[in-house]
Amino acid sequence: MDTHVHDRRRFLALTAAAAATPLLAACGAGFGGDDSKSDGSAADDVTGSFDWKREKGTTVKALLNKHPYTDALIADLKSFTEKTGIKVEYDVFPEDNYFDKLTVDLSSGRASYDVFMLGAYMVWQYGPPGWLEDLGPWMRNSAATGTEWDQADFFPNLLQADQWSLKAGAPLGQGGQYALPWGWETNVVAYNTDVFKKLGLKPAETFDELREISGAIKEKAPGAGFDGMYGIAVRGSRSWATIHPGFMTMYARNGLKDFTVSGGKLTPAMNSPEAVAFTEDWAGMVKQGGPPSWTSYTWYQCSSDLGAKKAGMLFDADTAAYFQAVKGASPASGKIAFHPGPKGPDGSLATNMWIWSLGMNAKSKKKSASWLFLQWATGKEHLLRSAITHNHIDPVRKSIADAAAYKDKMRHLPGFIETFETVVDQTKIQFTPQAQFFDATTSWASALQEIYGGSGAKSVLDDLAGDLAGKVG
Amino acid sequence: MTVQKRLLGWLADAALILYFLFALFPIAWMVILSLKPTNELFSTYFSFSPTLDGYRTVLGDSEGIPFVRFFVNSLVVSVGAVVLSLLVGLPAAYASARWRFKGSENLMFTLLSFRFAPELTVIIPLFVLYQKLGLFDTYVGMIWVLQLVTLPLIVWIMRSYFADLTPELEQAALLDGYTRKQAFVRVALPLVKPGVAAVSLLAFIFAWNNFVFPLILTSNEAQTVTVGALSFLGGDRPKYNLTAAAALVSVVPPLLLALTIQRYLVRGLSFGAVKS
Amino acid sequence: MGWRLALRPYVLIVPALLLTCGILYPFGLGLYYTLFDFSASKPQPDMVRFENYQTVFTQEAFWNSAWVTVLYAVGAAAVETVLGVTVALLLHRSTIVGRVLEKILILPLMIAPVIAAIIWKLMLQPSVGVINYLLRPFGLGGVQWTDTPTGALLSSIAVDVWVYTPFVAILALAGLRSLPTSPFEAAAVDGAGWWYTFRRLTLPMLWPYVLVAVIFRFMDSLKVFDIIYALTEGGPGDSTVVLQIRAYLEAIRFQRYSFGISYTIVLWAVVYLAAMVLVKHLGKIQRKAAEAK
Amino acid sequence: MIRLSGIRKTYGKVTALDGLELDVREGEFFCLLGPSGAGKTTTLKTVAGLENPDAGTVTLDGRDMRGVEPYDRGVAMCFESYALYPHKSAYDNLASPLRSPRHRLPADRARQRIGEIAELLGISALLDRPVGRLSNGQRQRVALGRVLVRPARAFLLDEPLSHLDAKLRQQMRAELKAIGAVQRTTTLYVTHDSVEALALGDRIGVIRDGRIVQTGTREEIWYRPYDTEVARAFGRPRINLLPGTVTPDSGFRTADGKVELPILSAAAPGTDVLIGVRPRDLTLGEGPGHRLTGTVYVTEVLGRSVEVTVRLGEQHVSLVAPRGEVTALRPDDPVRLSVRPENLLLFEADRPERPGRRIDHE
């Protein structure tokens, strides 16, 4: 800062003088480029032969989101401690506020947590400031990683989803591995078999059919003994989370892009004529066959409506439907079937996904122990156990997806495994990676609400694109 | 009493009951929710198989959420915040009510304005600061930050309270041979007791219900019930029954406090709240 | 020894001052942050002086949010005032019904606003919510409470009203209980009607008490966050994006810390000014009320 | 002995005391008389150390009291509001000084002392009552008791009788003067009631706008009032003040010429003056001194005597006559009045900025 700035600052003398130290400390420690990139990875310090007991006696702190995967993890922590002698302390936070918590924590540049849960989208936000440890060197170091971890066993698209070169618009699957897939959700259609049978419906194979069926259910189901039932539950709240499940999946199946990338420059594409037409159709579907008060719908409302037999279909994470479908979970248990959902005009089953991943704090002072924890938590042994005895479903590992015990467990849900197997290879992150993801998708959700509320899709999406061009480009 | 008057009386009672229907229905609904098993949450409205499982789960620390610990944390932190605010705020309120010293008006107003400051202004700086000072996720840290909630309320209301209390009582005590401190403790303080009780209750409730500060500034060690109650919503299904049960359990301390000081509550605020 | 006397009030106030400084410090820090372009994508922030504020004031989004915030605050404070005073007046008659209900008046205040909003959201959900269920016999089963901009704003205000009306009612009731009885007896002897008594006696004398409650409520609802966050998240569209929601999104969700904090500083300034005006007004009203007595 | 010199005290823009000088002698019962807002209470509180003067010195028994805390000044004060502790019983109020570090007595001696005082004030039966359930008169006694119960260098009594009804006030006045402790102890007594001041005060100080206007015995105040205000303050019915001018032959003449009186004071002819005569110094009918004639305007019975208002030209004067002498009088009846020249007081005419001062005899 030059002297001119210094003068300028004098009027703030009191606060500034008092404030300067922590701010600079925060900047220096939290965002400083120099200390994190200087000399290779801490993984290189691990040499010799692989040993689970290497970090015996250490304690690792984990920040976890309240989730069935988490329940399964916590239930199994004892075996990790037995195996490694590492103690795991954890904090569990409610999903609505989990990322606020994590974001503030990471941005402070402190290592209050060594490991934490995150989604692939968060890599785009947390990666560029250097908050996330690149796990690549750890995976590649045979002294740090046991052979049984078996990297090849992961579905490759999942592993790639957590890889990025930290450059806006650069495709995933290149650069550092900033998190490891741990559990995931693919976005498909779940439907109430009772109402489909009664009304003689078949799962939609095209988007037009989906819209038709949605409207038909809303029109006819209440008269056919399904009190208050509407066609299709999709998220609609003013949140980034509204975009990524059903909407983005269908958007992608229509061959649409959020941004176009050329020469490293991102151009918003949600206002392309095709995208405008699609968005109009989507809003129309919601109006005709969607939930009342759609603009307040998060996955809580979507999934509970399916469970309460108020929604004929749910186009959202397969797990959201799964937890309503399992025996005794809801009135609709046993009456929920799964289907990949409508194909795109060209037959595409491109599907968007959410990956609960595990990441490591770049500022962690216990990286070696943290890596052992990540390795164990994403390893076959734990994941298989939690898939079978708990509800850690939608395995990230092929070996588990193929395991007979797992298939047996899921078999009673009509179409679940078939659907999973159909879409798994075409499921990937359909968004263009960029750091302003949350701003972009929140505005996008807001735009959807406006279109749903009756504003012209073209002008709303043009505004959105104009706004985002400034922020993202 | 004329027929017309009696009729009006009934109408007034009916209006009152109408308001209380509005005020109490959500709480009644929370009670119903808390007694529902998870799988009947949305299937029926008023007919269900009531179960105390919700409460068992919440109080049994299952679901991975140590709610009982959060409960104790909330108690420690809220009581601590109110007690600290009283210790510090009562003398300040007294001083500013008794002596019109230089800058007292502005000082008091600034203090009040903290009550209305957005929590987000401080939350990030405070987080950095707490991490540095080791106050993150500690009782001390929470009690400190909750002063933002409790101190201005207590100072502002108690100040008007002291201002309404004639200074001659303490002056009489001085002439009786008591020191100023003794006059404050033996004469002024007992007289503002109802006000202290009422304002402490309000401060306690606001501290107890605070959400953003504990969310960001605590983890497991000092986390409080409000954040805890919300934690039950996550997981495989939104478990409103557990959230409702947790919320109802966490109403117990403020409710008990309110019942204890019931006789002070309205009286206590009656002359305190006014003079500025 | 004279100086010791002059110093006494300061001595008493010092602990509070110290504590205030403890609170002030992070505020100063926050204020200081706003002079930089501190964000996740700008790891090494530069001083930009007042650029953040310039951006805030030139953004259409800011003015929209400011407008929504004012609507919300005025709406909530107004309804709470009218309803709270009405409830207090009804309770003040001390009928048997009133005495029983008075004991539970404070209950809604004890539910954390964020939880209250979640429960309300559940109750207002047309598909499975109990309110639409109960309204079905009246043909109102299909009302989509939060689905339009107006509906969403009104629903949020309704939750605010639910939580905070007891606060106003308690203060108003306290005021009613402390009014002198002689003017009312005189009015009764003069045969004054209910409305006259209310307008000419009750209201002017009660007003200072109510105004304190109104000030607290108005200021507090200007910085509403919990309720809207849990109920509408700011939607539909931008219709309920109040300033604190915008600040939250910017500072925490989008990680533009400096910019987000600038929003809160502006909000604070607005609240500060509004409070100053109201408190001045309060002083005037109190003097008037004192004369009325 | 209490001495205040050059005391100034302001509250913001309001000046409460404006260079006040006051001297209360040892053992004296001194009444400070003045209208409300004159600075009486502030004076008392300044003596007690409850208010710190902006300038000037307070001396008690010759010691400068600057910086001496109230509890170290050894004075006892009875507040106009009584300032009884509302959360305590009458007994506890009386016991309060005796439990303080300054005047502590062992419990049994305290009880005995309180018993004596309660006996003296006739409140023995009330001691267990909370003060909220005492009548005004009873509270006043308790407040007085709290003053008397402890040793004091001086008593400061602030309108102690003002809230009592007339009969009780008269009774208390007598009792107060009869209390031994009061007789022995320097007492500064504040009142707005001139009758009270005349009845109680060994000396009286008249205070106005934060200054002492006049100090003196009741005779001095009565016969040599400093100005028309002081003259008006004492005596009911009020003194008659007739406006007029000094004639070239050193007489007094009203504007309409209906009243002419000789004057003993030296005043330049043509000066606007007020001539004062107290109603009781005017005699109905023939008597010694000057005579005046007029007509009856109105009569008003005051117990055994009657106040007669007589029209003298355009002026009215009041006089008090025994009832027996005036029973026959009807309005408009012509009457004769007489007044002794030595009972005539001559004042400068009142001016907007200050009341007219008395013009002294030669």
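Going in written order, the chains are labelled A, B, C and D, and every chain counts its residues from 1.
To be clear about the criterion, contacts are C-beta pairs under 8 Å (C-beta built on N, C-alpha and C of every residue); 3 or more make two chains touch, one makes a residue touch a chain.
Since the structure is predicted, the reported quantities are computational estimates derived from the model, not experimental observations.
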Smallest count of steps, each to a touching chain, taking subunit A to subunit D: 2
Furthest chain, CA centroid comparison against subunit D: A
Winner on C-beta contact pairs when B-D is weighed against B-C: B-C
Chain centre separation (subunit C, subunit D; CA means) in Å: 55
Where subunit B and subunit C are represented by their mean Cα positions, the distance between them in whole Å: 15
Separation of subunit A from subunit C, taking each centre as the mean of its C-alpha atoms, in whole Å: 36
Multi-partner residues of subunit A (at least 2 other chains): 19, 22-23, 96, 100, 104, 107, 304-305, 308, 310
Set of subunit C residues in contact with two or more other chains: 25, 27, 29, 31, 33, 128, 252, 257
Touching residues on subunit C, where the partner in the complex is subunit A: 25, 27-29, 31-33, 35-36, 38, 40-45, 47, 49, 121, 124-128, 141-142, 144-149, 152, 230-238, 241, 249, 252-255, 257
Subunit A residues touching subunit B - in the complex, by the definition given at the top: 19, 22-23, 25-26, 63, 65-68, 70-71, 74, 89-98, 100-101, 104-105, 107-108, 110, 112, 300, 303-305, 307-310, 319, 323-324, 328-331, 333, 391
In the complex with subunit B, residue positions of subunit D that touch it: 45, 48-50, 69-71, 75-77, 79, 81, 83-87, 96-97, 100-104, 146, 150
Complex interface listing, subunit B residues touching subunit A: 38-43, 63-65, 123-125, 127-129, 131-132, 136, 215-216, 219-220, 223, 227, 230-238
In the complex, subunit C residues that touch subunit B: 6, 8-10, 12-13, 15-17, 19-20, 22-23, 25-27, 29-31, 33, 83, 86-87, 90-91, 93, 95, 97-98, 101-116, 118-120, 122-123, 128, 130, 133, 162, 165-167, 170-171, 173-175, 177-178, 208-209, 212-213, 219-220, 222-223, 225-226, 243-244, 247-248, 251-252, 257, 260-261, 264-265, 267-268, 271-272, 275-276, 279, 282-283, 286
